[in-house]
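Look for chain A in each of the two complexes below; its partner is chain B in the first and chain C in the second.
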Partner chain A sequence: MSGGAGSLDPNVAPVPRTRRGRPRGTGILIAALSTLVVVGVLGYLIVNSAGWPVLQSNFFDAATFFDTLPKIVKAFALNVQIFLVTEVMVLVFALVLAVMRSLPGPAFFPARFFAIAYIDVFRGLPSVMVVYLLALGIPALQLPGVTDDVFFWGIVTLTLIWSAYVAEVYRSGIESVHASQDAAARSLGLSRAQSLRYVVLPQAVRRVIPALLNDFIGLQKDSALVGFLGPIEAFKRAQIETDATFSFTPYIAAAVVFLAITIPLTRYVDWLIARNRRQRMAGAT
Partner chain B sequence: MRIRSISALAVVAALALAACSGTAATPVPTAAVVTTAPVTPTTAPATPTAVPATPTPTPVTITAAPTATPVAVITPEPTVAATPTAVPTVAPTDTPVPTPASLVSAECMAGTVATKNTGRLTLSTDNPAYPPWWGGDPNTQYPNETAGGDGWSVSDPYSMMGYESATAYAVAAAMGFTPDLIDWIPNTVFENAFKPGPKDFDFHLAQISIRPARAKNVDFSDSYFDANQAVLAMTKLKDGSPNPILSVTTIAGLKSFKLGAGVATTSLDLIENTIQPDVAPQALASNAVALRLLQNHQIDGLVVDLNTAFYMRDAQLENFDTPDPEATIVGQFNVSAQVDQMGIVLQKGSSLTACVDQALAQIKADGTLQAIYDQWISGNQNIPTFQ
Partner chain C sequence: MSQPAPPALQIQGLRKSFGKLEVLRGIDLSVAEHEVVCLIGASGSGKSTLLRCINLIEPIDAGRIAVEGEEITSPGVKVDRIRRHIGIVYQSFNLFPHMKVIDNVTLAPRKAGKVPKAQAEAQAMELLTRFGLADKRNEFPDRLSGGQQQRVAIVRALAMKPDILLLDEVTSALDPELVAEVLDVVRELAAAGMTMVIATHEMGFARDIANRICFLDAGRILEEGPPDQIFSAPREERTRQFLDRVIRAGRLSA
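Moving on to the complex of A and B:
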């Protein structure tokens, strides 16, 4: 191995190396080169295939893209409203369900049974079906005093569906906290509820944050379901533009908008988790 | 542990393989050859004389079965003069209609024109297909229908009943295709009509409006129907009081109501561009959802084309012929910018487009299209026009 600590000349600074002995800069260079080659080959193959002009004019038409992008971004505001409101309600309701499910003892059997049945049913049914059944079915009863607003029922439906998924995520978090934590808390004199609130849940929720984020992103895309009932959100706006122009480019625009939200969000949460881990394990490797 | 991870890998690999093979790309057509048929009818001097009478018998056979009962007594078409030797048959009508010279050139006739299935015409429409555009009973086996049918629901194009079905058969007849040479394929997803790539059909009609932006991706024929839009509303509100929207007579008066329209329709354009309501308009996935939302009073009014409004009010809702109907048509629009023109959809650059245009010109000129209109499209029944 040349360079590095091998050179004994004090006037020559040693080349910074990675643990494997490769000079630090070359790793990035190799990665960039390899990516360029792969993307270049794939791109060449796609662009030179016989159907590419048709695909380009139907899916990647620049004029249509920039025409429809503002309308889709405007409609996306509705999606944002829907998933923000829903997410808050889901996080709360799912926690209630998860706690209900973990209540021990025969006295709490109805609570456990309800939670299990609820989760099974709402996870098992296709979402579109539930949306139609609840948002069209309940207003069909024409109950006095009950709002028929489509927006309201859409959010209620999404909350009910996603609480089922998130409750299971919470449950896995709770069960992953070692029983000794709960035992220690109880032995210190905390009641069951206090132990849950101050010892178990804080640890449990921190552990499952990546999975909660996973479900949040799924919910963001599911907000398009409310569009089936009428409100024109981003996906529906893309569909309207597509049907008006007979080109599929608006869907690409909607995809770009969705990715523009989810990717930064994911990176931000990754950073939060890493920071949290650094703080908790300060110094330890 | 090792066995479990291997089997897990195997499952993932199997799924990946299934996904790949399921989406096995249809071989990309190499240099799609598009021959635009030369329209000049100078090459075939003899054939035009053999064709003139063929379109005219069509209205007679249709008016013979005006009711919706699927009686299979549809009289067979007189033998089509595909060869120049046939003698032009005179139509057995009461009032002798002077037969105009054929407007369909020789290249467009059944024997010579290039179609997906040589010698046969493959047509398509959406499934389900609603009256008054289509008709007939899906459970009936019509003559020329494939055994077992194709899973049509609500209507059956092979019945030749309904405005679009009759128009399609008339256009085909003008081109020399008798009903036994016509195949129908159902289309369940609206977008399939204009997805990129070669189409499964020769032409497709499903109340699709001609728009310049759409014409960039498909070919449209000339218009075969001009449609006015209308507003349909429930007569009473949830609490039984009369619906305030019924008293609206102007476009401006509609602004304060929550209106809905089908997501793929130009009705939605009408709401967004002409009415411009204060309440956000609703785009509804299907007619079924639209009707349900209307009945639930979740939308105040539904904008659809006038004939669909009639169908919904009369066939799908109750009591239309009583003094207390379940739904009322509030009014119709005659805004010139929004009169929808419906056209037949063909593959972009198809050689059939010019032929279909000629056939349409033919059936307009000889009165066939008017007869079809009179039979299948109810009159405007004194629906007031919005100012």
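Moving on to the complex of A and C:
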């Protein structure tokens, strides 16, 4: 049965692939040259602008930079604490929201309604507003037995905000798992919950890991919002140093610290996405 | 024990519509213990839908289904428990791609059947060995050929020790050279006395293996009988036309 009329004629030589004639390395050279030209022109324009000397002393003062950087790095430890704790809580709470939202049938309408309303509200509000309203508002109620620790409430607020985004990421993953997988699990006698737990969710989460990491980068940046509440994290520390030195350079130092974490992670996410695509192209179901 | 056993499967007046389209229009079918029934008929005649209804994957609109004398379509019945007794294998395998072969096979016995892990794995290995898949136990499904994947899917269904096995065109998604290995597995199961309802386009195989052939046409069992009668002397004109088309198609692809 195999072969026959469909197979290729062995006597016809394969067509040589065009657009391969350029020697290796030429591409890199062109890229480097064009980058150099663009950066050079922009740099020339900036450095020769009328306001440059003032700007330079305000934002790019080397002495201030190296003086404040260690303090900001030290304060950044608090950011790390904030985003790690928050991330763990987000991953759990968002999953609960996503599962609630994908429950079928009329009996689960209240769960679906709650999840959708929650996600709509928290995705629709500016983060900074939610941080002020919740993290300052709830302690102000002075409820008995409820802590007024703004650091705690900062983490809770970030969890509430980012869970709304991450729930949607999970949901897209759940919906990407073909219905036949659930049918196969159910027809073996697994309950709906078991099918979700052992068959659907493991595949869904695997597919959305790059998107989850992407939101993790966003969360890392938002850890600076906790500084608005009082705890001295990197951004707040930069603010204090700015007030003390009359220079905006500490902000540049804080920016460098944030980028030192987020850029490598961004590159890693890109690599993961590219690998995922390669695996899908290779025909894995 | 001496009482006449109820049929393994009994269906009465089964109807099923998708929207305005009535796919099953009154199916009556009784399958005895150890019997092998093949469903034949054109695409869209309702074979797959019938199997999916028996497995309760599709809710039915009217009629009754009983397995081993127990009505499974009455409202209070726990579908998860019923499904453990009815195995189904799909055209597209539907193995769990994130699990090794052994975990694909043991998942349902462990989680739905509450069989301890070691025991479930021992039983799975027994089945995998029986069907020549023992060396694939730690492979992921996408590392296997289509024929191997379908054999694993059959083993996965068997691991629940079903009373009845439903096969939904299990060779239709396979390359021609892989069809035989899967059909051999089904033949062995038939020889071992497995009660089966098989939807298939492989007429030679159906003739070979079935105790009874049911020809489905437009949502009804138009004609049923022993394979020799159906294939050599069909009573109905529609059956004759269908078999003629199949034979012609067979000639073209040979």
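One rule holds in what follows: the second predicted complex is superposed on the first by the 248 of 285 C-alpha atoms of A that agree within 3 Å, B and C clash if a C-alpha of one lies under 4 Å from a C-alpha of the other, contacts with A are read in each partner's own complex, and residues count from 1 in each chain.
We take it that contacts are C-beta pairs under 8 Å (C-beta built on N, C-alpha and C of every residue); 3 or more make two chains touch, one makes a residue touch a chain.
All values derive from a computational prediction rather than experimental measurement.
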{"item": "Which superposed partner A:81 touches (first chain B, second chain C, both, neither)", "value": "neither"}
{"item": "Chain A residues touched by each partner, larger count belonging to chain B or chain C", "value": "B"}
{"item": "Chain B versus chain C as contact partner of A:180, first or second or both or neither", "value": "second"}
{"item": "First, second, both or neither for A:189, with chain B first and chain C second", "value": "second"}
{"item": "Touched partner set for A:102, first chain B, second chain C, both or neither", "value": "neither"}
{"item": "Which superposed partner A:198 touches (first chain B, second chain C, both, neither)", "value": "second"}
{"item": "Which superposed partner A:239 touches (first chain B, second chain C, both, neither)", "value": "first"}
{"item": "Of all residues in chain C, those that touch chain A in their complex", "value": "55, 57, 80-81, 83-84, 86-88, 90, 92, 94-98, 107-108, 111-113, 141-142, 156-157, 160, 175-177, 253"}
{"item": "Residue ranges of chain A in contact with chain C within the complex", "value": "1-2, 180-181, 183-191, 194, 198-199, 202-203, 206, 283-285"}
{"item": "Contact footprint of chain A on chain B as seen in their complex", "value": "28-31, 190-191, 194-197, 211, 213-214, 216-218, 238-239, 260, 263-264, 268-269, 280-285, 289, 292-293, 295-299"}
{"item": "Complex contacts: residues of chain A adjacent to chain B", "value": "49-51, 54-55, 57-59, 132, 136, 139-140, 142, 144, 148-150, 227-232, 236, 239-240, 242-248"}
